[in-house]
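Every chain is named by a letter (A, B, C, D and E) in the order it is written, and numbering of its residues begins at 1.
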Amino acid sequence: MSLHRFANPARFLRLAAIVQPWCVGLGALCLLGGLYLGLLRSPADYQQGETVRIMYVHVPAAWMALFVYANMALASAVALIWRHPLADIAAKNAAPIGAGFTFVALVTGSLWGQPMWGTWWVWDARLTSVLILFFLYLGHIALVNAFDDVERGARAGAILALVGSVNLPIIKFSVDWWNTLHQPASVLRLDGPTIHSAMLTPLFLMAIAFTLLFVALLLINMRAEIVERKIRNLRRARAAES
Amino acid sequence: MNAFAALVRRDLRLALRQGADAAMVVAFFVLTVVLFPFGVGPEANILARIAPGILWVTALLAAMLSLDRLFQADYDDGSLEQLVLTPAPLALIVLAKCLAHWLTTGLPLTLAAPILALSLNLGTEGYPVLVGSLLLGTPTLSLLGAVGAALALGARRAGVLVALLVLPLTIPVMIFGVGAIDAALAGLSPRPHLLLQGALLLAALPLCPWAAAAALRQAME
Amino acid sequence: MTSVFTPGAPSLLVGQDLGCVRGERLVFGGLDLSVGPGAALVLTGPNGSGKSSLLRLLAGLLAPARGRIAWDGVPVADDPEAHRARLVFVGHHDPVKPGLTVAENLKFWMTMRDGIGDIGPALAALGLDRLADQPGRYLSAGQRRRLNLARLAAVPARLWLLDEPTAGLDSAAQAMLAALMDRHLAGGGLIVASAHGPIGLGRAATLELVR
Amino acid sequence: MNAFAALVRRDLRLALRQGADAAMVVAFFVLTVVLFPFGVGPEANILARIAPGILWVTALLAAMLSLDRLFQADYDDGSLEQLVLTPAPLALIVLAKCLAHWLTTGLPLTLAAPILALSLNLGTEGYPVLVGSLLLGTPTLSLLGAVGAALALGARRAGVLVALLVLPLTIPVMIFGVGAIDAALAGLSPRPHLLLQGALLLAALPLCPWAAAAALRQAME
Amino acid sequence: MTSVFTPGAPSLLVGQDLGCVRGERLVFGGLDLSVGPGAALVLTGPNGSGKSSLLRLLAGLLAPARGRIAWDGVPVADDPEAHRARLVFVGHHDPVKPGLTVAENLKFWMTMRDGIGDIGPALAALGLDRLADQPGRYLSAGQRRRLNLARLAAVPARLWLLDEPTAGLDSAAQAMLAALMDRHLAGGGLIVASAHGPIGLGRAATLELVR
């Protein structure tokens, strides 16, 4: 009976089956191209040397961290307003992927920070707000998984994602201010250095690759979850009949 | 409106009769603040330097302590479903519970803070701003906390989960709170920080009860 | 699924084609019911057949997976606050605060419904007058149930939704409840109650849920 | 003994169902530690200085957040009276619950602590002592907390008393914990502090379950 | 205060001159009772008359304000652990963990009594076999009650103390419980149960408590 709510997931599943291989293929292509151009063909930075190549992973990952959260909030709004079950599932499954990108951004940033700033971590505004974003993701994941009833967890998660999306700019803004108050102006950062096109192309390729990767992962997760819910329903129905 | 007052009065009465939660909150606040001189050593200047931060962080953590119980007791004994069935808007009911929570945690914390500040050698310029920023900030904590508590209702390990949900959201409140005191100590005007704290409160005042009410309705299912 | 229509002229509470899903499992579907003024509907059925779920649906605590519930022809989802104002729901739990006295407990629920009258008669209606000053923590199971039911007498409402109201009551209290329900029906009220045995509603329609 | 293992297993299962819970405690821990740089400012040397205090306060908070529910849930749903009616000695049952609590709170905290200490720039000499003192101290927190949680169940007016009695008992645990790390950082021997912590644990091990069991029996009345 | 003596040869459970004080108020006093092997005693009386209190006294959850309770002539206070090992108590609350499945819940209570057998028959005895893998959170009120009662079938014990065991049960479950109780009595077991109506114990003595 509750399967009736997944009547259109059948259509979604069909669509996803078509889109997903394309995402994987194109994503892999962009990834290889971006890595090739970035790691082998682009110039080393005159200041930073070879370590600048971390940028090709770090920056797109950081972008994705924000992008995925925005998507999640959007999906949550759709789920809450129109009660669309697919939006629920999308928001729920986007969170771990977003957390993954955020984690990659944090780790690559740290790895970059070690040679650049001589330390793995500083309490800089941008770093700290990414860290908080990571916690928002973790809180979301924890909440969604803290209920025995899958749907209940998903809907609680949707509310949290919305509240978080209101708060995210506030956090960013407050952390920026906090930092300017406490931190001496010596924060090491490339203040918008004019980037070479030789750096820009691989950067964009990587960004596209990450986006496609995200879509592919999301589709895979969503399909798995829909199938899992179906199986559970069937099992319940059979238990009820016997 | 009648219902609002009745609910606040009931929650206050329950808190005063049993009292464990509010007392726990203040006791935790005092204990943790007192702990830091042990850790940092008794150097007055370092203590004074970190005093605003310590006071705000511990106030925040102390508020967390009682949050998971905000709706839990009412949920367990069936009072919550009756509250949901009351004709009054659910957001108003949430607001009443937040007010009662603040009166039993935020307010005592605010009152205890100056005494603790003394033990941390906070500069005299800091006191009024400390109290002011706590007065403006702790209600926001209660409001944000209500959202977390409502979301975590029926979840396992609600206590830690609530903290996990709420702490990231409360960071701006704390940043401006500490900022205000630091500004006052540095001889600057704390006004912009306090105004921002006020703005946060004004934003949270309608939004949080609404979100918490939505979450509570979910929990009834 | 069994369905029962109470025939009668102006039918106030109507549920059509109701379906309920809990824990991703269908509890019942395609259920119709209708209760007119002065009429009572008794829900029966084995454990887990969905009596409590149906009552929660009618109270608006659960959203129906399908179908609609209407009051006087208007879907209750259109104005949930008005619906809440016209009903009293007595569930499996007794909302009694251990730290408040019996009188305080009842008074609170009365004020929440904007009643400001005297709770004395309501307490007396369930034989709780002697216990008015006892803290809720000291009540026996049946006394808690009586206190829960006392809300029926304290708050004016057209629709009573009662989930196994007699559970834990002694025979005196069961008689008091029956008298209360009779008076309610005589005044044009509606009752939907679940039960595993007779609960003192003589001429009520029955809706049997099956699993 | 069978009963002991069964109870630990049940509590662990309840806590770990779906696996997110120990992770939740660690996430909470990290989050709390992160609050302090916001409060006291990002200067590495000050952070390093208060790091032991921060880590211990957080451990205490995490323990308390989950402790008030240690018996409450079992009390509310009638499991506690059934546990009391089990042939096994009640003190053993309390001990089992403490062990499960520690395994899901104290242990993850202890394991996560070194990583957090890194972000606070704790001196390298501090690490082994940090872990050791948490290993010795967190079980005591669980045990003391159990007494508090049990007392709070039966307590009517005594709620306030409980908070004020049990919480201060945790102070020595924290002070010696912080003291041990500070000593190590200062190049002194942390041994006396650790020995004292060990002594506290040894004292708490028989006393707390016994006291908690007595309190639980009261709560049954 | 009323008192009833079940006459009969070897009388296992005996309470003499029992008095109970709750909330600084005397609930009953001077109560005598005795239950022999294969016999049942049904406690009746109005709400708040002390049925639950008496059962808790017999279980050892409450200490009697006066009088003594003996098993085979030995005061149970002398060896409380042995007394706990010989009884199962079913109270007003159903000790069901929402996060554990039905089977896990029952298994747990079985292991706590050092049973390591199969829970299948006990589940079947109360018609719960189909629900074995449902989380406790999804149970209806009657299903929880059944799970609580399933402990009777899962744990071997001489003495059953049942507080309104049929509350919330449908007629099928009431029959299952009656069968279980019959078998227990036939095997020489003892039952003390409180009730507001018939609970399927045919030839049981009755102890009426008054307020």
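Of note:
The criterion applied here is as follows: a residue touches a chain if its C-beta (ideal position, glycine included) is under 8 Å from a C-beta of that chain, and two chains touch if they have at least 3 such contacts.
Please read these numbers as outputs of a predicted model, since none were measured by experiment.
Relative to the C-alpha centre of subunit B, the farthest chain centre belongs to E. Interface comparison, A-C versus A-E: the higher number of contacting C-beta pairs is recorded for A-C.
In this assembly, C is the chain whose CA centroid lies farthest from the centroid of subunit D. Rounded to whole angstrom units, the spacing between the C-alpha centres of subunit A and subunit B is 31.
The centroid of the Cα atoms in subunit A and the matching centroid in subunit D are 34 Å apart. Measuring from the averaged C-alpha position of subunit C to that of subunit D gives a distance of 45 Å. Each of residues 17-18, 156-157, 161, 164, 167-168, 171, 175, 221 in subunit B touches at least two other chains.
Chain contacts: subunit A has residues 132, 135, 138-139, 142, 146, 148-149, 178, 240 touching two or more partner chains. Touching of two or more other chains is recorded for residues 22-23, 25, 92, 137 of subunit C.
Of all residues in subunit B, those touching subunit D in their complex are 17-21, 23-24, 27-28, 31-32, 34-36, 38-41, 46, 49-50, 52-54, 56-58, 60-61, 64-65, 68-69, 76, 156-161, 163-164, 167-168, 171, 174-175, 178.
Those residues of subunit A whose C-beta lies close enough to touch subunit D in the complex are 119-124, 128, 131-132, 135, 138-139, 141-142, 145-146, 148, 178-179, 182-183. Here subunit C touches subunit B in the complex through residues 22, 56, 59-63, 81-82, 84-85, 87, 89, 91-97, 99-100, 104, 108-109, 111-114, 116, going by the rule given at the top. The residues of subunit D lying in touch with subunit A in their complex are 17-18, 20, 23-24, 27, 30-31, 34, 37-38, 41-44, 118-119. Of all residues in subunit B, those touching subunit C in their complex are 2-3, 6-7, 10, 13-14, 17-18, 77-79, 81-89, 220-221.
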